[in-house]
Amino acid sequence: MNDRSGPSAEDMMTVAAARALAGKRTCFVGIGLPSLAANLARATCAPGIVLIYESGTIGSKPPRPPLSIGDGSLAETADTVVSSAEIFNYWLQPGRIDTGFLGAAQLDRYANLNTTVIGDYARPKVRLPGAGGAPEIAASCKETIVVVRHTPRILVDRLDFTTSVGHGDGPGARERLGLRGAGPVKVITDLGVLEPDPGTRELVLVSVHPGVDPAEARTRTGWPLRVAPDLTATEPPTRAELDALRALTS
Amino acid sequence: MNDRSGPSAEDMMTVAAARALAGKRTCFVGIGLPSLAANLARATCAPGIVLIYESGTIGSKPPRPPLSIGDGSLAETADTVVSSAEIFNYWLQPGRIDTGFLGAAQLDRYANLNTTVIGDYARPKVRLPGAGGAPEIAASCKETIVVVRHTPRILVDRLDFTTSVGHGDGPGARERLGLRGAGPVKVITDLGVLEPDPGTRELVLVSVHPGVDPAEARTRTGWPLRVAPDLTATEPPTRAELDALRALTS
Amino acid sequence: MARLTALPEALAAAVRDGDAVAMEGFTHLIPHAAAHELIRQGRRDLTLIRMTPDVIYDQLIGAGCAAKLVFSWGGNPGVGSLHRLRDAVEHGWPRDLAIEEHSHAGLVNRYVAGASGLPFAVLRGYAGTDLVDVTDSIAPITCPFTGERLTAVSALNPDVAVIHAQRADREGNVQLWGIVGAQKEAVLAARRSVVTVEEVVDVLAPVPGAVFLPHWVIDWVCEVPGGAAPSYAAGYTERDNDFYRDWDAVSRDRDAFRAWIDANVLEAE
Amino acid sequence: MARLTALPEALAAAVRDGDAVAMEGFTHLIPHAAAHELIRQGRRDLTLIRMTPDVIYDQLIGAGCAAKLVFSWGGNPGVGSLHRLRDAVEHGWPRDLAIEEHSHAGLVNRYVAGASGLPFAVLRGYAGTDLVDVTDSIAPITCPFTGERLTAVSALNPDVAVIHAQRADREGNVQLWGIVGAQKEAVLAARRSVVTVEEVVDVLAPVPGAVFLPHWVIDWVCEVPGGAAPSYAAGYTERDNDFYRDWDAVSRDRDAFRAWIDANVLEAE
């Protein structure tokens, strides 16, 4: 990648996701973009953040984002490595982790997530990887942040399958289900940032990335996306953020 | 102790207990006499036996029997040390350990054990240490061996408290309670060896140690002790057994 | 009691057609050599159990060894889909594949219950998800103290667990370290177990973070250096990330897949 | 977030009268120095929780700090009775002591449930024993898959966990090894935690078999060399078996006990 190139939409999404970790102590990291963003946060706004991977590594400090969740560098740089049983039972489930980072193949207006199938479960059009750690990350982290590309195939009116619960069917849903974390507080896309309305829990566009027309975000959303009256523009990536990102991905 | 001294009743009890481990692969060891006997077995009839202590040490090979169940030598000589949760949940509970060695303050004719209180529970005459690992050792080992001194204060008609279940109230009791191990197969005392009758599960005197009159064993038992028609005499300790015992205790 | 044998002999004795087989290793120490041997031995109708089916089960499924898959995340980590798994689920090729799926937390607790000799485990999980409707091994359970409603999952006790580890000694004690996943639980839950190792040594020097499995809970130990490739064994081998990336193209195409299996599994030994 | 402080300051902040306090360490790494500090601070009405009350709780009970004891084996290991515990239960001296007792398996699973954020744990235990009649935190539970009846125990979430470990780094990460007992579970189950350590070091070099507790689950770390005596810290100190044997005579007699506490706890600092 050319060092002089401006930030892409993807870069902006990663930077915005990294910024969401400022002030957080611990993050349960999924692989892919969440892992890149979490490591960018560690290099910029959250230098002391403890990254926890579902492979059981606690306090991983990989020099480069790993390809897989089980890459050797995650274990070698970790403060400790625990078993799969322990990472879920002792560390994730009790709600001691501040932030969970999730992706999804489908997301609805309440930030519920599908990573299981597109189409009918018994005869799916697309068989997706499935749940992994997501349902319990979504249930138990003090809050979650979802990172997805902004297309109407992903931001859908209705999920084909509910793999992980966001805000369920609206106010009070998480409490009724006994989910103790606060659920998704931000959905970060390549166009902007969505947050749940404090009253209805429906996702609202609160910020657009530099150069993005809010109308484009609405067009690319599978439900009639509400736009916050005080819609803001995302701060563009700083030189330091982009340098740190390049250092991680070059 | 004088190397020339003959075997005491206590020595005989220890040797008889050690012999009961011949052919066993694994033993869950309580502290005190069970630990001495298990280590004697390792030095004599069961050289490869794996000793497991409830402190979480698996494969301990202490050079001398430890004072406490947590002595450093147990961990230092172990194949591995696991947490308290793991030793009970993964190793004891599934029934993968051949023999459990137990002591008791009271034992009844069905080899049920009391290690909790003498007298009334709320205002006990003697507050004993309590359950420890015993209830689950008694429940889950493939079989258990109980080692007690032969007095009517210990071998009682009725327990003041049931801490650990032997053969319950007789035939079928363990099955009804869902206890999957076979329960006590031998009670070894300083006078002889008792075994459950295959039909009634009541303990029967099957062997007396050298020089012991079976009448004495009956007198020193708190219920009318039955004597096996084919009562045998315990083989006296061999020179090798006594030498090994002296080496452990000197 | 562990026996040290050659891998073909161990698997021929341990795994029968129709068995439920757990081959564990969470993106590390994945027992690929053992999977290839199962393909060579022509095993059929297996229930394959694994948190992360990964390329190893993509190969077994594509080779027609599996009737059912029990899993919690079925992708090629960091790359994308498992195309042989998808082809089986989406199109029934080379045969229909029954699916029983969980979250990681649920599946690992099924192993924990199995290793603990319990019929079920309890977790905070699945509430509000559609997984409860499609998976029979999930049920609600109520706390007898607080009345709170939680989730139970039934125990998993595979017929056979197969894992890869760094080392064993000549008695068959096994030592593994790095990312340790659910291997201990899988072995302790299973009726029989086979462990392939990078090397057999005289003495297992203690290693920080190592899991130790004593010889008396293992049935077969087989020395298979590199037996985790393209996965890795921390301290011995590196993960072959290029293989995982390249697998995407190989596995997308049925003929390319068959040619790969022919050349790399069936004609190899 | 761990703060490195002096022990008196940490305990004054962490432990209040009436708290439920778990001081763990299974016959190893027993936090005796912290117990002595609690006696000096005159704490009252504590619910003391510990698998093996041992000499440490004999002292706290005899000194009148405890209103209740939750435990699973209350003896002086290898020696005999805990006479101060017995005197409290049998004669209400120096005050009545409520008792909640379990088996080891039951009590450790209560910690496991607490550490796991669950309201209860399940085990095969207690069936046929009288413990079920005298202990409220035991209840029957039925497997939703097999109908089998098992035993549930309620979660333990102490107000404070106090443990002793070999080492911490300057950030407050803690490392302990040897017999590791239920310390990790006690700390993870507790609302607050205090860890005394043999030494604070710059870097925690990995040690085989070590448990690592990250700084962000610990509240206070205090450097207290020898803080486990007469228990021991593997790699640092030896168990003082003579002390345990001698304790029998000291603790049998109320006056001898009080004199010992005066001389060795109250007048020491």
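Think of it as A, B, C and D in the order they're written, each chain with its own count starting at 1.
Here is the rule we go by: a contact is a pair of C-beta atoms (placed from the backbone, for glycine too) under 8 Å apart; a residue touches a chain by one contact, two chains touch by 3 or more.
By chain, UniProt protein names: A, B = Glutaconate CoA-transferase subunit B; C, D = Glutaconate CoA-transferase subunit A.
Being a predicted model, the structure only gives us computed values, none of them experimental.
Peer 1: Please find the path from subunit A to subunit B through touching chains that uses the fewest steps, and give that number.
Peer 2: Counted as steps through touching chains, the separation is 2.
Peer 1: Measuring centre to centre with C-alpha atoms, which chain is farthest from subunit A?
Peer 2: So the farthest one, by centre of C-alpha atoms, is B.
Peer 1: Any idea whether A-C or A-D has more C-beta pairs in contact?
Peer 2: Of A-C and A-D, it is A-C that has more C-beta pairs in contact.
Peer 1: If you average the CA atoms of subunit B and of subunit D, how many Å lie between those two points?
Peer 2: 28
Peer 1: Using the average of all C-alpha atoms in each chain as its centre, how far is it in Å between subunit B and subunit C?
Peer 2: 40
Peer 1: Hey, what residues on subunit C touch two or more of the other chains?
Peer 2: 117-118, 123-124, 148, 150, 184-185, 209
Peer 1: Return the residues of subunit A touching two or more other chains; collapse runs of consecutive numbers into ranges.
Peer 2: Only 80, 89, 93, 140, 180 qualify.
Peer 1: Touching pairs of chains, which are they?
Peer 2: A-C, A-D, B-C, B-D, C-D
Peer 1: Where on subunit D is subunit B touching in the complex?
Peer 2: 26-28, 51-52, 71-75, 77-79, 81-82, 85-86, 89-90, 101-105, 108-109, 111-112, 123-131, 134, 148-150, 178-182, 184-185, 209, 211, 232, 234, 238-239, 241, 244
Peer 1: Mind listing the subunit A positions that touch subunit D in their complex?
Peer 2: So the residues of subunit A in touch with subunit D come to 25-26, 50, 58-59, 79-80, 89-90, 93-96, 140, 180.
Peer 1: Please give the residue numbers of subunit A that touch subunit C in the complex, ascending.
Peer 2: 31-32, 54-57, 66-72, 74-76, 80-85, 88-89, 92-93, 116, 121, 123-136, 139-140, 161-165, 168, 173, 177-180
Peer 1: Quick check: in the complex, which residue numbers of subunit C touch subunit D?
Peer 2: 117-124, 137, 139-141, 143-146, 148, 150, 152, 154, 206-210
Peer 1: Can you name the residues of subunit D that touch subunit A in the complex?
Peer 2: Contact set of subunit D toward subunit A: 1, 115-118, 173, 184-185, 188, 212, 214, 216-217.
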